[in-house]
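Below you'll find a set of structures to go through.
Common to both upcoming complexes is chain A, partnered first by chain B, then by chain C.
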Partner chain A sequence: MELLLQLAKNGVIIGLLYGLFAYGMSLIIATSGVLHFAHGLTLAGSAYSFWFFLQDQDLGVFVAILGALAVGGLLGILVELGIYRPLRRIQATDMVFLVASLSVLTLGQAALIFIFGTDPKAVTPTAFLRWSTDVGPFNVRMWDLLIIGASALAFTALYLLQRHTSVGLSFRAVGDNPHRAQTLGIKLQRTYVWVFLAGSLVAVLPGMLLAVQNPVTPSMGFDLLIKAVIALVVGGIGSMPGALLGGVLIGVVESVAVYWLPTEWSEFTLYALLFIFVIARPQGLTKGALRTA
Partner chain B sequence: MPKRTRRFAAVAVAAALGLTACGGGSGSGGGSASGGNDTYKMGVAMALSGANAALGQDFVRFIQYGVDDANKQYASDNFKIEMVSEDTQATAEAGLNALNKLATVESVPAVFTAWSAVVKAMAPASEDLGVALFNIGANSPDLEGAGANLRNFFPLASVDVRAVATYMAKEKGAKKAAIIRVNNATGEGAAKVYKDAFEKAGGKVVATETIEQDAVDASSQVAKVLAAKPDTIHVQTLLGESSAVMKALQEQGAKVPITTYSGVGEAVAVRQASGDALNGVIYTTLGGAKVTDPKVKELVARFVKDQGREPAGISYDVYMYDSVFFYAEIIKKLRANGDEVNGKNILKLVDSQRDFSNLPLEGSTSFTHAGTVIKDVILKKIEDASKNPGEDPEVVTIKP
Partner chain C sequence: MLSAGAPSATDGGAATTAEVLRVEGLQAGYGKHVVLDDVSLTVGEGELVALLGHNGAGKTTALRAITGQLRPSRGRIQLDGRDVTGSSAALTAKLGMSMVPQGQNVFASMTIDENLRLAAAVAGGRPSNPRSAQDVRSFVLDMFPILKDRGKDKAGSLSGGQRQMVAISMALMTQPRLMLLDEPSTGLAPVLIDEVLAAVRTVNQQLGTSVLLVEQDTKRVLRVSDRVYVIKLGVPVFSGTPHEMHQQDWSQLF
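So, the complex of A and B:
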């Protein structure tokens, strides 16, 4: 029983990480309709930036966080302005957006190799990051607390942004009906830039969290991207709470399944869950609302 | 909207599966062809892109050092070696493409490669293509006898994993062992060897857990392993996921001896990312060239001067460098005998000669009847992961 509880706790934590990554993607999909696979590049780029400022340049954690946020936000805006906006102008189909996004991800990985080389970059763990303790049946790590803290921060900030700011309200209006939003005076292009900025800033958080736990590699966003897509389908594509719920659900399923099954089956359980949702409940847990790009 | 939602979900699923299939990177190596009767191509198939490119690109650099030096050494024999490299991405599919290109387009007589999944995939195809296939950096035990044209220049895990398993059971008195392994051919093969050897030595493997390559978290695997209350834990993982395993072991308070192999213990990125979670870990290295050897040190210094950093896996790199001299010796002998340098003749010569004593770093190597090599196994202990692996003290040398 103790093991089951520990596995469930591990699942919630890793699920929050998936959810955090999916959350930014979901915000972008809900508003712009783009399935933004290049989000994986934002994650990897911000992780490299975090490593660069913290480990390579030794500029301290505060500068490293700001640097990673700046790079992550900039990457999101650049992809919107340089790729998606021209595609929107020519009324490209969803499939074209998808292929463009995948191309950006692949090209971006090549660019990271060109800039940083292929050898993995590692952040040396400090005593602060290594801290862990036992609480009842649970082993609680500093990494767990950082993930919980980052998730709470991101979810609260985006909730407040969407409920109480004109920019956030414009996200919802554009996501609901872009043509109607435009007739109400909302500038679509500006809203898209804002949403890519906000969504990308959220992706910086898992980027930094991964950088302090594992070596940073150009392909590091890939595994998480797949999990995020599964989380989006399970939670409801385009639904903000759905991204969180989907992330946590797949984290728990992946982790708890190995209580009864060999660990090599954990990914199988995720894909089984994915197909169950696609066939039986394609709208996901929360009936995600989405529109075309 | 349900129709559109369903369509969008289907696109997302297809894309997710596509992402899974296409892996983490792309790109290719390259090589140049040359004419000249006295220039012999050396086909090299390594991971030049993707998650394992850090190791693969270093491997190619060390092979190129070997080519440069061997060409000087064998200049008086009137032949030169030219490396032609292709990218395998450390995957079976890309590996087969690389082999096909090297054999059919570049017409190389021999291909030198690494990564167990790649070697395994290439082994039957090399027979069809008529090229000699040399494994110079993969250690899955089932590579023994995997193909008629395959010879394992690199010692398989059946050597070092068997040695460490037996040592922990017999010398350290461990009765129960647990294994955490990467979910691929390397991990599966090594785990089987460990289990067989440990249980043959009187112990019992009470848990074997797998982790996906490049996984970001290993806490569930470690929780399961610790729940089985082993006396020792063996970790057989690759570069990307190793630090997650080591950190999880430390965070969950693993107190038992942890063993692994040089691919983890000597990897600079793993040591840096794991920090003191690696301290106390025992890892295997193979006899022959040691990182403290002046010749190896000289080669490392050359690499550091060129690249501005330490090589990612020096235990492997010495085999990369030496493999060129091994190939040069074969070419020299075949030329002396008046034989054509082709796949068939290369294999025939390796099988008849078996002992090669011209290797600058390893000194010599001997092939068994099964096309494998056997080495002494040295166990080393990491006392301070922030230091260079060369400073790790030796625990014991185990004779084969």
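So, the complex of A and C:
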């Protein structure tokens, strides 16, 4: 029983991390309509940058955080400006966007291998990161607290951004009705750049948090992307509670499954979950705000 | 009677002081297909001008060309004396044109309050704005109390008439020099059409907002307009006051 509780707690924590990544992606999808699979590259790129500045260059954690944020934000903006904007100009179909986005992810991973090699890069855990304590039946790690803190910070910031700032309201307006947004005087192209920046910065948080816990690998972006897509289908694309709920649900399912099933089966449970939702509740737990047209 | 050439200041009879909008010889269409040809019109400061015509007469095309959503193939468009021919929709909006499109003209997934705040924010800090956003907001909420009562509701949950009120209010929050309305009566019950048109007239008279109103419902529009233009199959066929319009043989105009 104690093990089960511990697995559930770990599931919630990793689920929050999935939720963060999924929500950044969901924000981009809901505003721009682009299935931004290259979001995985943003995650991997920021994780590598964090490792590079912290471990390889030894520039301190502060510089590493700023460096990772800069690289992550820049990757998002560059993909929007260099790939999606030209595609929008020629009125490419969703399928073209999807293939282009996947290509960016694949090429980006190849670039990471070219630059850093295939061997995993690990951040040496400091005493700060190794700290943990027992609370009731749970063993609480510093990593858990960092993820809870980062999630609380990011979700609160995004909530306030989207309800109380003009740029956040324009994200929702453009996602809702781009034509009306334009007649009101909102610049669509500029809004897309802002939303890619915001969504990508959110992906830097799980990127850095993964880098301090697990070795950084070129394929980490793709691995997380799969989980994020499942989280979004389960939770409902475009809604913040959806991404959060979806992320936590798959985190818990994946983690708790190990209690009954062999470890290598844990991923299978996610696909089973995805299958159930696609058949029985395709709109997700919450009704997503993704525009269908 | 035909206003084929450039309109003069005496055109139509109403005493116009400064011209907010001046359109000369406008031609526009889609590809090689000319929908609108040689249309000229003016809207004076504080005037409510209607552009009438049948379905397919080219009214919406005219609005799209004037607001920069469609590039005109010929002609000139001036806003406050500034040439805005071929400007982007974002620029004409910034310079003070606010169009209320037909149909999906509110952000359905956002609350009424958020719709209004966004509209105010888009035009925020424009130095030419004569009133504070707060003033316009109270004016709008006094005129449409339902928007205050249901401020926290999603705009998508409103009826057609209420949506039209939100859409007009959004346009007003940007403090436009010229508000352009594309058939606000579409899909509304007759009693609501009167209500919406009365609101447009109130805005025009109390805020002094100049209005270009595109409509099909000629009889109702004549009651609220200062001047009227009629186009038929893309060309102008009448220009004058509502009084002059009543003396016309309408079967020739529509």
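FYI, the second predicted complex is superposed on the first by the 291 of 293 C-alpha atoms of A that agree within 3 Å, B and C clash if a C-alpha of one lies under 4 Å from a C-alpha of the other, contacts with A are read in each partner's own complex, and residues count from 1 in each chain.
We take it that a residue touches a chain if its C-beta (ideal position, glycine included) is under 8 Å from a C-beta of that chain, and two chains touch if they have at least 3 such contacts.
These figures come from a predicted structure and were not determined experimentally.
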Touching partner for A:169 - first (chain B), second (chain C), both, neither: second
Contact breadth on chain A, by residue count: chain C or chain B: B
First (chain B), second (chain C), both or neither touched by A:258: first
Touching partner for A:210 - first (chain B), second (chain C), both, neither: first
Contacts of A:102 with chain B and chain C, given as first, second, both or neither: first
First (chain B), second (chain C), both or neither touched by A:179: second
Chain A positions touched by chain B in one structure and by chain C in the second: 289
For the chain B and chain A complex, residues of the former touching the latter: 1-2, 4-6, 8-13, 15-16, 18-20, 23-27, 49-51, 53-54, 56-58, 183, 209-212, 214-217, 219-221, 223-224, 227, 239-241, 243-244, 247, 250-253, 268-270, 272-277, 309, 312, 386
Chain A partner contacts - residues on chain C that touch it in the complex: 67, 69, 89-90, 93-94, 98-99, 101, 104-110, 114, 117-119, 121-124, 170, 174
Residues on chain A engaged by chain C in the complex (per definition of touch): 163, 166, 169-170, 172-173, 175-177, 179-187, 289
Residues of chain A touching chain B in the complex: 2-3, 6-7, 10-11, 13-14, 17, 35, 37, 94-95, 98, 102, 106, 109-110, 113, 117-125, 130, 132, 134, 139, 141, 210, 213-215, 217-220, 222-226, 229-230, 232-233, 237, 255, 258-259, 262-264, 266-267, 274-275, 277-278, 282-284, 288-290, 292
